[in-house]
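What follows is a group of structures, each given as structure tokens.
After this come two complexes, each holding subunit A, first together with subunit B and then together with subunit C.
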Partner chain A sequence: MIAPAETLVQLRRSRWAGPRGVAVFGIALGIVAFWLALPPVTERRVVVPVVIGAAAILLGLWAAYRGELRPGWGAVAAGILGIVGGIFATRAAVPHLDAVITWSALTAATLRFATPLTFAAIGGMFSERSGVVNIGLEGMMLMGAFFGAWGADRTSSWVGGLVIGAAAGAALAFVHAFFSIQLRADQIVSGTAVNFLALGITGYLFQDIYGNNGTPDNLPGVPDVHFGFLSHVPPQGLGTFLDDAFGGLNLMVWLSLALLVVSYVVMFKTPIGLRIRSVGEHPRAADTVGISVYGVRYAAVTTSGALAALGGVFLSLGFVHSFSENMTAGRGFIALAALIFGRWRPFGAFGAALLFGFASAFAPRLENVEGWANYGTLFQALPYVLTLIAVAGVIGRSIPPAAVGRPYVKQ
Partner chain B sequence: MTTRLCGALACALLLVGAAGCGGGGKKSAGITPPVSTTTGGGGTQLKVGLVTDVGGLNDRSFNHLAYLGLQRAQSRLGVSGRVLESRQPSDYIPNLSSLARQHYDLIVAVGALMADATDAVATEFPKTRFAIVDFSQAALKHSPKNVHGLVFKEQEAGYLVGYLAGLLEKDKAAEAGKANTIGSVGGQKLPPVDHYIAGYQAGAKAADPGITLVNGYSQDFVDPAKCKELALAQIGQGSDIEFQVAGGCGLGVLDAARTKGVWGIGVDADQSYLGPHVLTSALKKVDLAVFRTIRQVKAGTFRGGADTLFDLKGDGVGIGRISPKVPAAYRAKVLQVAKDIASGKIANIPETVG
Partner chain C sequence: MHGAERFSAALNLQQTLILAVTLILTGLAVAFAFRCGLFNIGGQGQYIVGSVVGLQMGVWFSSLSPVPHVLLAIVAASLAGAIWGGIAGLLRATVGAHEVITTIMLNWTALWIASYLVGFGGPLQDPRAGAVPVTKEVSPGAKLHVFWGSAVLQGLHIGFFIALAALVVYWLVLARTTVGYEVRAVGFNAEAARYGGIDVARNYFLAMAISGLFAGLAGAIDVLGWQFRLDLTTVQTASQIAFMGIAVALLGRNTPIGIFLASILFAALLNGTSTRNLDPSIFKPELAGNLTRIIQGLVVLFVGADLLIIYLWRLRRKLKLGRPKAVPPREVPQE
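Up next is the complex of A and B:
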């Protein structure tokens, strides 16, 4: 488990050198092939993406031949997509391309889509690293979304909403923890039950408290953070891009990025993290050295609920400034997927969340391409298709904590 | 591990999809707003059931309006009503057929999304009366003779709000030399949605021939975040007025308008109460349609196998409260256009988005 620093460095080198590195380079080339055909470069010659994409395919085939099957075929897929995307883009009219691709707006939208997923995925990481599967993230987000709005309404401040929302998520997570740790219930079943519970609680209270008019329109929302200096960054184009992309993001977007760093440090650089991981990998061993397995798991699951709830608070208070029933719309499950694709690591999960976010932001814009307006429903599948390619091609097998999903029985 | 993942995946699917049916069914019974219960002896009291689409009762839009119509019928006509909310598309058939099996005198399906389900259930229960909002009876697959379609000329309401938007934009373009762009966000490319948008675009063009129109579909009627993203993208393209035609999802469009300091236009119900950023609303009086249909059943004049068309002339559609910031002259112009539509002077408003 714990390797000396030197071995780690060697491992890392060998992971990226040779055919594997070539394959990754091929994947990057496939992306470049498409990118060149888009604004601001807007390469109009069909041959450019085709040649670059073909190079990606060749590199991928070579890597696959040398035994790096997944990244190799991933590069082949990226090359094909790059060629197809590039051909479409070079044939489309430039104004249409400009309407579809505004990188600054796309960046901001990607971050907005990724933020709730990031909160929930990191929450999930705490729970799963301690050995408790948390399929109830969706319900915990929903609790956060509703009680965040309710709390902000009651306390007339978004801070109150944030705290009450997180507390509600933690409370729901505690229920999940009680069933899956104390009563040793099946964690999938308990998590599913918790999701239904949240749907029922929030739906009922929403009707009961706010009736048909919904949450009040003067709900104190989490503020956006404006960085005026960004627009003055030279050169002009870069400054405008930075300002449009990052100059007006919600405070919670930045909070999620800070949480990313903090959770990484806590999980991998502190004794607390070591305890959580040891309880999730080998609870018996942790128990024998005096770590309270139940205590750590309770704390981790409850924390996960509070964090996931913050994702819900972002949706209701940070973004749309109202609550509507079932407004999380499956994001908890996507976050769980992001966690697994990210190999139960904060930055990995964030990367997956960004990929989902980008695809979700990109897909509806494709309708602006002339003649594509009728395929909107099809484009909705883009996030999932991209994920499949990413998982099958690049990530490969993802290994969960050894004791995840297994209730611990004290001896 | 594989089993665990499969289990997790299965549960996720279950929750998102099929199980929502069980949950939805149970929940709808649990949180049905208080309605009078039927008298046990099968007396003369009329039993009316209402099934919402996935938007749910407080979409602040047409499901909500349909419920208002039912409530009015309860208090004025003394019928007994029951509402079943659908959580998932898979709830439509179970909800409709459970009411049919309980021998309701009229079952109202709210929304074009329920067309196929209504067709299937009405064919299976040929003696039960059904009404469907936003869908023509003749367009149902089997055109069952026990269904009455309640259809609206949304394009007339859309034309009015579009005309007002065009008037405001023309001014703006003249004074600032800016591009005059307005946008619309639809939930899905369904006939009632496109009626609104087509009318909106035609009205805007009539008031300001040089106007630029942007339009998009969220493929969703529930998730406000999706609609807000679309609206933000359109505002980024220069749109100054955003028309939402996406029910609960569209509330995100109005919030985008508020955040970015542009006008928003509400749909179906009068949504001016959402804040001063709401310019006006395109009204579709689903409440009136539902109430009248119930009255027909009570009077014995209900006619299956036909449609009723609600238009501006019959006060079935219209324009809502206009923001007090709009100059009186424009208000008068819009009212004149409304008169012209009612009298037939303005005709052939397009129904499809080109």
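Up next is the complex of A and C:
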């Protein structure tokens, strides 16, 4: 069904006006309620977060009453969280708050945690947009992590690690592509198999080559990029903040941001992207107009492997500077979640990765609060619980590409 | 066979079957959800929840006599697993959240909560253990009876029969009950099932809850059967076995007999490559363990590729008879 142009315009306008906009405003208020109680503002009166949080709840209830159920309840949840967080923060001593909340360090850590997820999620987007479910992202990242370290060790340069790591991820993705496209195997089965393979291959080679000593200490890492001028940005506070937050990030963090923009342009503004998406939405139609469905899918899945592997390379060469068995620890799956969470769009996936990265960066800091040190491990669950709540409450149903998971039979 | 050989063979078989018990149950957890068209990657979380609850029930209530005590622990752990799986089912049924995301998040949530409970300074840590993060031991009455081999040498416990019973229950529920019929109908085609008057949402929830029940049961049986206490390493690594349930269900094609055979295969692979069974001077167990994973991966990979057989078949025909056998292309429905 094709909607007339006026309706489309109306739809677009009404998307943010009315109850929906109010609900989003409510969510923002809930966050503000918490934020005010934190440094640098450090509001000490309990009333302030409570009143603002209550306003968020009221707005959410109104929006829910007017039919915007999910954002409405999201605003209610944000309001409650804002009040609870605000009460906690106003009760805590100021030095503790300062120890936990250092916005510049938090920003830098958030970006660092989000980077591997961004790479893998965008990789996954290429694969899934072309109609191939890629549950093997985890394995592809792991291949990147190991072969990146191995390549950097062998070639004595991080560039070599980057290239070899990406190639290894692409090779694994090609296996997935061959089985799920050519042999029309169940894509989830094939993806799971690829994960097992990667775990075994990297573990075996790691034990065989490096054994108990681990990867060498002098592994060439991907360099950090220093922007000296950031600290000279006019207001003193802003300059220091920018320098602390963005002045010393790893090159690959910036690469991931660049990839974000490039992948958006490629996927939504170029003929290549149109082909990928058409193959993922309606392969028969794409085939009819002369697009090679298999060719596009092969290319997309292999690309996704290389990109996910870059996320793995960042882990081993940019983050911890060594490799250990199964070091991705489920990040590929989380990237998959971020992709679905972000509705198969690059910026959506990046937003989800940031949310997850923020929670990962924030959780370990909570240990610094007096008397909370024992709960350190418990806080590690925070990112996952937050994602769960976000998936359940605010986002809900995401609609995948129409042909995702279905093998295509040529005629 | 001589006495010593016979003894070590029996010991190995016992170890293999103990592992097979876990794999059967975690395999069923994946398979049941598969039959409803859901992919339960959450076996790990449901297993952890089951083992923690099973452990604690086994530590408490030590005044109970053995049979009710074991039953209590097993039922409580299964219910805990069912709740953990049910959360994912409920989210899928109500707001449509993808079960792959929710079960992964629930896995990690369970892992970290359990690490906190069991770990140093956690509420379940044995106060006498000092700095060692380990829980109290399950009271003797709650331990599962060992019917083959010695209880000291980790013989085969009656959990084996529970797993066999679970296989039968799995078949009975799917093939002989209304719930099973509806679950399968939803798995075949959710839209058609909805049109036929089946409450799809309810079945999503039920299928995930029953899946979780199997995984929780696996956790309880392991902790009552041979682990007896939990430590951080057990929580963080042994639960990977639960993840292998996926491979078991895939290889077993979601059928009870298939799952049984597949779990024996994988259990033998795991046991055969364990540190205990390999002489490090001949083959490093770390290498062998990873080889097991590669074999697992290959098995799953080729199990999924049934078309490969047709390709090979055609190739054989071509070489022998000079003409390819016409294989009608499988029609894949669009929309």
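The rule is simple: the second predicted complex is superposed on the first by the 400 of 411 C-alpha atoms of A that agree within 3 Å, B and C clash if a C-alpha of one lies under 4 Å from a C-alpha of the other, contacts with A are read in each partner's own complex, and residues count from 1 in each chain.
Basically, contacts are C-beta pairs under 8 Å (C-beta built on N, C-alpha and C of every residue); 3 or more make two chains touch, one makes a residue touch a chain.
Since the structure is predicted, the reported quantities are computational estimates derived from the model, not experimental observations.
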| item | value |
| --- | --- |
| Superposed partners subunit B and subunit C on subunit A - clash or fit | clash |
| Touching partner for A:A361 - first (subunit B), second (subunit C), both, neither | first |
| Subunit B versus subunit C as contact partner of A:S190, first or second or both or neither | second |
| First, second, both or neither for A:N213, with subunit B first and subunit C second | first |
| Which of subunit B and subunit C A:V404 touches, first, second, both or neither | first |
| Touched partner set for A:H96, first subunit B, second subunit C, both or neither | neither |
| First, second, both or neither for A:R66, with subunit B first and subunit C second | neither |
| First, second, both or neither for A:A105, with subunit B first and subunit C second | first |
| Partner chain in contact with A:H321 - subunit B first, subunit C second, else both or neither | first |
| Superposed model, subunit B segment overlapping subunit C, candidates 21-29, 273-281 or 327-335 | 21-29 |
| Residues on subunit A lying within both footprints (that of subunit B and that of subunit C) | 135, 188-189, 192, 195-196, 199-200, 203-204, 207, 330, 333, 336, 340, 374, 377, 380 |
| Sites on subunit A touched by subunit B in the complex | 99, 102, 105, 109, 112-113, 133, 135, 138, 188-189, 191-192, 195-196, 199-200, 203-204, 206-207, 210-214, 217, 315, 319-322, 324-327, 329-330, 333, 336, 340, 361, 364-365, 367-368, 373-374, 376-377, 380, 399-400, 404-405 |
| Touching residues on subunit A, where the partner in the complex is subunit C | 70, 135, 175, 179, 183-186, 188-190, 192-201, 203-204, 207-208, 282-284, 330, 333-334, 336-337, 340-341, 374-375, 377-378, 380-381, 383-385, 387-388, 391-393, 395-398, 402-403, 406-411 |
| Subunit A-facing residues of subunit C, complex | 39, 41, 91, 95-98, 100-102, 104-109, 111-113, 115-116, 119, 121-122, 246-247, 250, 284, 286-287, 289-301, 303-308, 311, 329-332, 334-335 |
| Residue ranges of subunit B touching subunit A (in the complex, touch as defined) | 1, 4-5, 7-8, 11-12, 14-16, 19, 23, 27, 30-31, 33, 56-60, 64, 67, 87, 188-189, 214, 216-220, 222-226, 228-230, 232-233, 236-237, 248, 251-252, 255, 258-259, 273-275 |
